[in-house]
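Below are structures written as structure tokens.
There are two complexes below, and they share chain A, which is joined by chain B in the first and by chain C in the second.
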Partner chain A sequence: MLPMKRKYDSVLNSSSKEQKVLWVIAILAVLSFLAAPAVVSSYFLRLMSLTLIYLILTTGLNIIAGYTGQVSLGQAGLYGIGAYTGAILAVKLGVPFWLCLPAAMVVAGLFGLVLGAPTLKVSGHYLALITIGFGVIVEKVLIEWQSLTGGAMGLSLPGITLFGQNLSEMGFYYLLLVLCLLTLLVTNNIVRSYFGRAFIAIRDNEIAASCMGVNLTSYKLLAFVLSAILAGAAGCLYAFYSVFISPDTFIFNLSIFFLLTIIVGGAGTIAGPIIGTMLLTIVPEYLHFLDDYRLIIYGALLILSVIGLPQGITGAFRNKFPGIVYFAPPADIPDDPLTDKSYELENNILLELENVSKDFGGLRAIDEFSMAVKSGTVHSLIGPNGAGKTTLINIITGVYQPSVGKVCFKGKDLLRLKPDRIALAGIGRTFQNVQVFDNLTVLENVMVGAHGKFRSNIWHNIFRIGKARQEEEKAHLQAWSLLKMVGLEDRASEPANSLSSGQQRLLEIARALAMEPDLLLLDEPAAGLNEIEIERLGEIIGRIKDKGITVFLIEHHIDFVMDISDVITVLNFGRKLTEGCPSEVQSNPEVIKAYLGTEAVEAC
Partner chain B sequence: MLELIIAGLTMGSIYALLALAINIIYSTTGIINFAHGELVMLGGMFGIVLVVNSGLPIIAGMFIACGMVAMIAITLYYSTIRPFGDNLTSSLGWLMATLGAGIIFRNVAMLIWGTQPRPFPPLGSEELINVLGVRILPHEIWTLVITFLIAIFFTVVLDKTMLGSAIKATASNRNATRLMGISVERMVLACFTMSGAVAAVAGFLISPIVFAGPEMTATIGLKGFGAAIIGGLGSSRGAFAGGIMLGVLEALSMTMVTPGYKDAIAFLIMILAITIKPEGIFGVAYEKKV
Partner chain C sequence: MLEINNIRVSYGKVEVIKDVSFHIEKGEVVVIIGANGAGKTTIMRTITGLMKPSIGSIVFKGQDISKISAERIVAAGITMCPEGRQVFPQHTVSQNLKLGAYLIRHNRKLVQERMEKMYELFPILKERQQQLAGTLSGGEQQMLAIARAMMVDPELLLLDEPSAGLAPIYVKNTFDMIKKLSERGTTILLVEQMAKMALGVADRAYVLETGRIVISGSAQEIMHDPRVEESYLGQKKS
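This part shows the complex of A and B:
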């Protein structure tokens, strides 16, 4: 009893006023749904049941289209697959509803896996076309495969029996309500776990996500499968609910309708699909005189909402009441977020590049470059603009594959590994052009960095049991502590794109440190920072080094580099000019020539 | 077999005609106009009004329809694409907006003209002629020839003229293009005008084959996108080849399955093509820059 009470207290104390209001609204909404059958007409009850069925689907669609940012216009196809799986099992094999439902979810989930496969290579309008094509294929097959689906004539289903009795209209409504609440709860728990953060990270910035250790392939597929499972469940429920299905229900227009609900409501929020689905299912019932114009209105609504209200109704509310997103800081933030990484390596070499070359078309950006980064040092890479410094970081982190050469980290070959594998091997990075996850809060950005530290599986997170909760707590505390270290703790609840570019650079460092890397690659961290911030950056790098974390730094502020570095490598035109301690490099005539030019050198 | 191939060539040239117009917009904006099928449909419906109802000669009617659809294409640009500013590839708002516009066009057309498909006069005589033992309408040959000429026209414009360079510059970097003294707005408008005009021509060429009605391009429109992607977005050659290929493959598949599966096969081909080679036959794949 005691822990329960403490949890309750902490919810109350750690919520902002806006969040408390939201809780009240949510509880009132659930209560009115519970009480509805007692007050509304049976016609309206049917409408509410349909809304609940749609809501299961749109909540699923929101996972893939809203959170993960992969537009699916084939959801009606998955819905149809769910409906027909349930119907065919019930009609042809006499399977009871309670087994049809999971079967429909499994079958639709498998199709979601197939539909998601192309996302490994394409996204955007390509994906839109693929999903539209998928929907049309399903529609045609449902019509043509008459022996199985009954063709255009459709299929009639038996009702649901419960304890030997037929389920009444009201009984069905409550069944839908329970399943719908369950769907919302499960979805909410997933999107608020590290799974959900990975989804949003993919939506906001794929390359940064993969450099944080997020496996793009499996997370995109997971999102597709989750949304397909829910579409399948909704389809099966619809089939048993309407007792008759035919292919003309599961058409492209329905897919657009589903997408419209989440756009209007607000994609990427739990409340978005709820608001959108209720609005677009119930309101048209009061506008029957407009029926001839219904699709025209939908079309206009689609245009108006993407232009005028791109984040939907919930987005508009969030902009109006920013307090809705609020993370209370933990009671005491630990001062030392960094784990000790000092250990002995064979000949002390952490990272080794051997004869690496990289061609872009006819241009040789990196030319037979070799370098060894010693463990525990601050190793800087300097060179004029266009020398190939960032290309080198992209090669190390797997964003680019070198044309020839070898990259070894802790004695392991990194070649042909995807960025997420390299990130998990212990290499963290920041980006020259800042790449934060714009729509995640500052705190969540850092927590994405901790992605690779999570071991709990999706079931742990759906039910928020032990392991998942502990890991989340730990990552949360570490993120706060890292934010305190870079001085951003009072911006924790704000979206990352509201920070200045200098602050975003510091945020990127905190995010990379959350990965607990052995090697930290900093690509021009001081660019856009003012003097005080640069001083702070120097302190941070000092603290990182003290913990035995190796730093590989690209920077143009030469004084800063000279102060902080143990070793400096100079790169020019993709080739290594020289390497050595700061004083050696500073006095090297080649370096002076590369930076300042000589009298004989041609004008740039 | 030969009959199937010729039928496939006819449908293929229609897909190609759509793909070419889709391409010209892609060439300058980097986006796909998801309402393009509906522009083609409007071309056909204007044809009904101008040629069938008002008795204008086909060619005169086609010119007027070209102008009208071009105007609608420009309106479409201002209402669904322009509001997203320069950075079109960063969100998919334009995709939803053009889809929405397509829905509006189709349903307004239904309100005005009803859903019943109507016959449409073909180009040339209505007598079948004998080509290699297959009896076809001269219209089908016209369709192929006109599509081919438009493909050549676009290839020349895009690859050999200053205008083409300016159009492609607009797609790759709008600000840099402006700094070169090129009006980005005019380039985009030029492309939407061309795309609209070609859509109207397509409407006139398709209508005699599939009948004119608000739903006439419901699947043809999507296959036009498929053709553009199979050939490689941005390449007129690719659009032509992609269209013909999709048409012929679709026709040949009819030897294996019943006609009801025709659309399903065409979309399966499209999905496979996108998945296996998203840059298309004539496109070039680039490494993503960070």
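This part shows the complex of A and C:
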């Protein structure tokens, strides 16, 4: 994996030892690919060319299946569409290769959009089945539409001409090498940008991702389209390289092969497809004497790989050498990560719920609940377990739609808005059952929170230029600063799931603050913290409040709630029991009976 | 009854438990307190066999259990009630209890007997035996989780943060419950953030700091230890 670095002169200073070793390996790998034609036989060179073609495709497949976690078994279909688009344009219309390639990418990209559409409804094995269906349809159409595709007889293509000369075998190899390196560079840039973080966030936790402002629909479709474009490019290159194509190349087995390269190599890492593709393309060639058994060996490899190396070869390396993932802390971390929102303070009503009810089946979880949260306050919601507190937060953030009632934020109706739109409107949240992105580092988790702050488009990020770089640096610095505020800056480069549950809660607060919200919803932030840590949490919430950020808090540590709140609402059986300042609520006999218990009051 | 000798436990390269030793006598309630990420849950997971120490031994009733599987450790007489209750929400109360009795499932009479015992101990669960566990209040779910762990009649019960996420009114009940189990003769190892309440029901306590035990003593001593007061009990505002 190539580490992300902004300035090349600073790479050496800010990389871990493991990362430096990886740089050396990457450079050596590129050099050996450059030198290969002088050394290897022409047969082996053809094999290497084929590997490069496959690698363009599998790198694309990795975006959707590895990073975004949406399994596609229809990639051979997209590969075929790319190949036939190129071939038909070249054969029927005499279009030169240099125009066929982008055309194949566009056409495959459009089909990627079609293939991606079902992800809006289904995922997991249902999606895998749908993509298999897609691949089968493409295969059959290629056979049956004889007037266009030549049917089972296939199509023969002209070669590529460059400056009036036919491109030689070696020339083609270098062309493929350049395109392949370009693909890797672009993909690396995308997956290390906010786009890539959004992809991984979707894979790890869709609900949390959408509550950070990630539009699930468009990012899943984008991932599908990117992978389809690369599959189309690989298909077109294959057509021109082999000068003859027929439908029996683009079969379901090939889709399995592609997915297998990623699983064996390591899904969701840049090096994964490289290792997997090289291994699975070149090794079987030396097993030719087993020809009929090749698929059996693939199958065995898949089984062994999943059992022995569940995260593939790169995953195993990453576990062995955790220093591979390392973010050097910036020279000085700014002390104040919070944006001042106090200019918006006019003691207005920031959030208003009117007669909200929510039914689950026959159960009424929330019953005609109304509440107004004033800006600049710490407003707490308490009540027995099962009273409906978390349901209320899920209604506010759009995870649930209320059965009846109205939710207004800054005077705007939030009803029927998706969680990502509500997040971008200025509501950040944490989760009662912690929902961090397990496979992102602690630092990257916080940066996902900043998702909505990025304005650069995909073109900026493909080449990591200007705006994209500035925004990335800004988000990076802010994330460090937020981690320092919650005391997790020492853990920045570790995967989020290595934190204890209490630390994950603090990470969620930092992540939500990276959204620069006007309203912060905290769902039991003190659970799993001891008294001293709770005091520190109180200080953090105090700093948040001082910046004019409104805090809506669900919490059971009653002393903490009493200390910190301006207003407390008490919920019982989905209904509002009472509301008022801490002292009023604390002495309310009904609250004591339903929630506090007599002991707690005596203790205070 | 349980003796932990110089164990070290790591996640990958990160060593979370660095040379920890402690012991539990039969019939005691022992509490481990410590900051977040100090390694409390890791210790629990190691005793129950979900994680293996890289070095050191865990001796339970004279037998080293540090290398045997989690199922066999349950069979040997150690059960854990995990953090966050984790009842099966779509199963009824009685089904949850039966699932807890998995190890003795072939002895239906014994299962029935133990269930009756649990209902006797927690009468409210009897009232709710046909109700789905997901519809119980938080306090009742905690009760169910503990009763479920008790179905195999463990000699040592591990409780991981039983009060976490509970409304104040249930926190008290939970500690009452722990007291009751202890009076019946169950040995208990407790991990808790509510240090004061936990020390109230415990006989002895250990304080864990970044993977090391830094203070140990009777619950009374620990409660009045100035270091503990400062770092874990907090200064109560009057």
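In the analysis below, the second predicted complex is superposed on the first by the 584 of 604 C-alpha atoms of A that agree within 3 Å, B and C clash if a C-alpha of one lies under 4 Å from a C-alpha of the other, contacts with A are read in each partner's own complex, and residues count from 1 in each chain.
Everything that follows uses one rule, which is that contacts are C-beta pairs under 8 Å (C-beta built on N, C-alpha and C of every residue); 3 or more make two chains touch, one makes a residue touch a chain.
Just so it is clear, the structure is predicted and the values come from calculations on it, not from any experiment.
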{"item": "Contacts of A:587 with chain B and chain C, given as first, second, both or neither", "value": "neither"}
{"item": "A:530 touches, of chain B and chain C: first, second, both or neither?", "value": "second"}
{"item": "Which of chain B and chain C A:292 touches, first, second, both or neither", "value": "first"}
{"item": "Partner chain(s) touched by A:118 [first = chain B, second = chain C, both, neither]", "value": "first"}
{"item": "Touched partner set for A:342, first chain B, second chain C, both or neither", "value": "neither"}
{"item": "Which superposed partner A:400 touches (first chain B, second chain C, both, neither)", "value": "first"}
{"item": "First, second, both or neither for A:498, with chain B first and chain C second", "value": "second"}
{"item": "Touching both chain B and chain C, residues of chain A", "value": "433"}
{"item": "In the complex with chain A, residue positions of chain B that touch it", "value": "31-32, 34, 79-80, 83-84, 89, 91-93, 95-97, 99-104, 106-108, 111, 219, 222, 225-226, 229, 258, 260-261, 263-264, 267-268, 270-271, 274-275, 278, 287-288, 290"}
{"item": "Residue ranges of chain A touching chain C (in the complex, touch as defined)", "value": "319, 322, 363, 382-386, 432-433, 494, 498-503, 524, 527-535, 556, 558-559, 563, 594-597, 599-600"}
{"item": "Chain B partner contacts - residues on chain A that touch it in the complex", "value": "71, 117-118, 121-122, 124-126, 128-130, 132-134, 136-137, 140-141, 143-144, 207, 253, 256, 259, 263, 292-293, 295-296, 298-303, 306-307, 310, 360, 390, 394, 399-400, 431, 433, 435"}
{"item": "Interface residues, chain C side, partner chain A - complex", "value": "11-14, 33-37, 41, 83-84, 135-139, 141, 161, 164-172, 193, 195-196, 231-234, 236-237"}
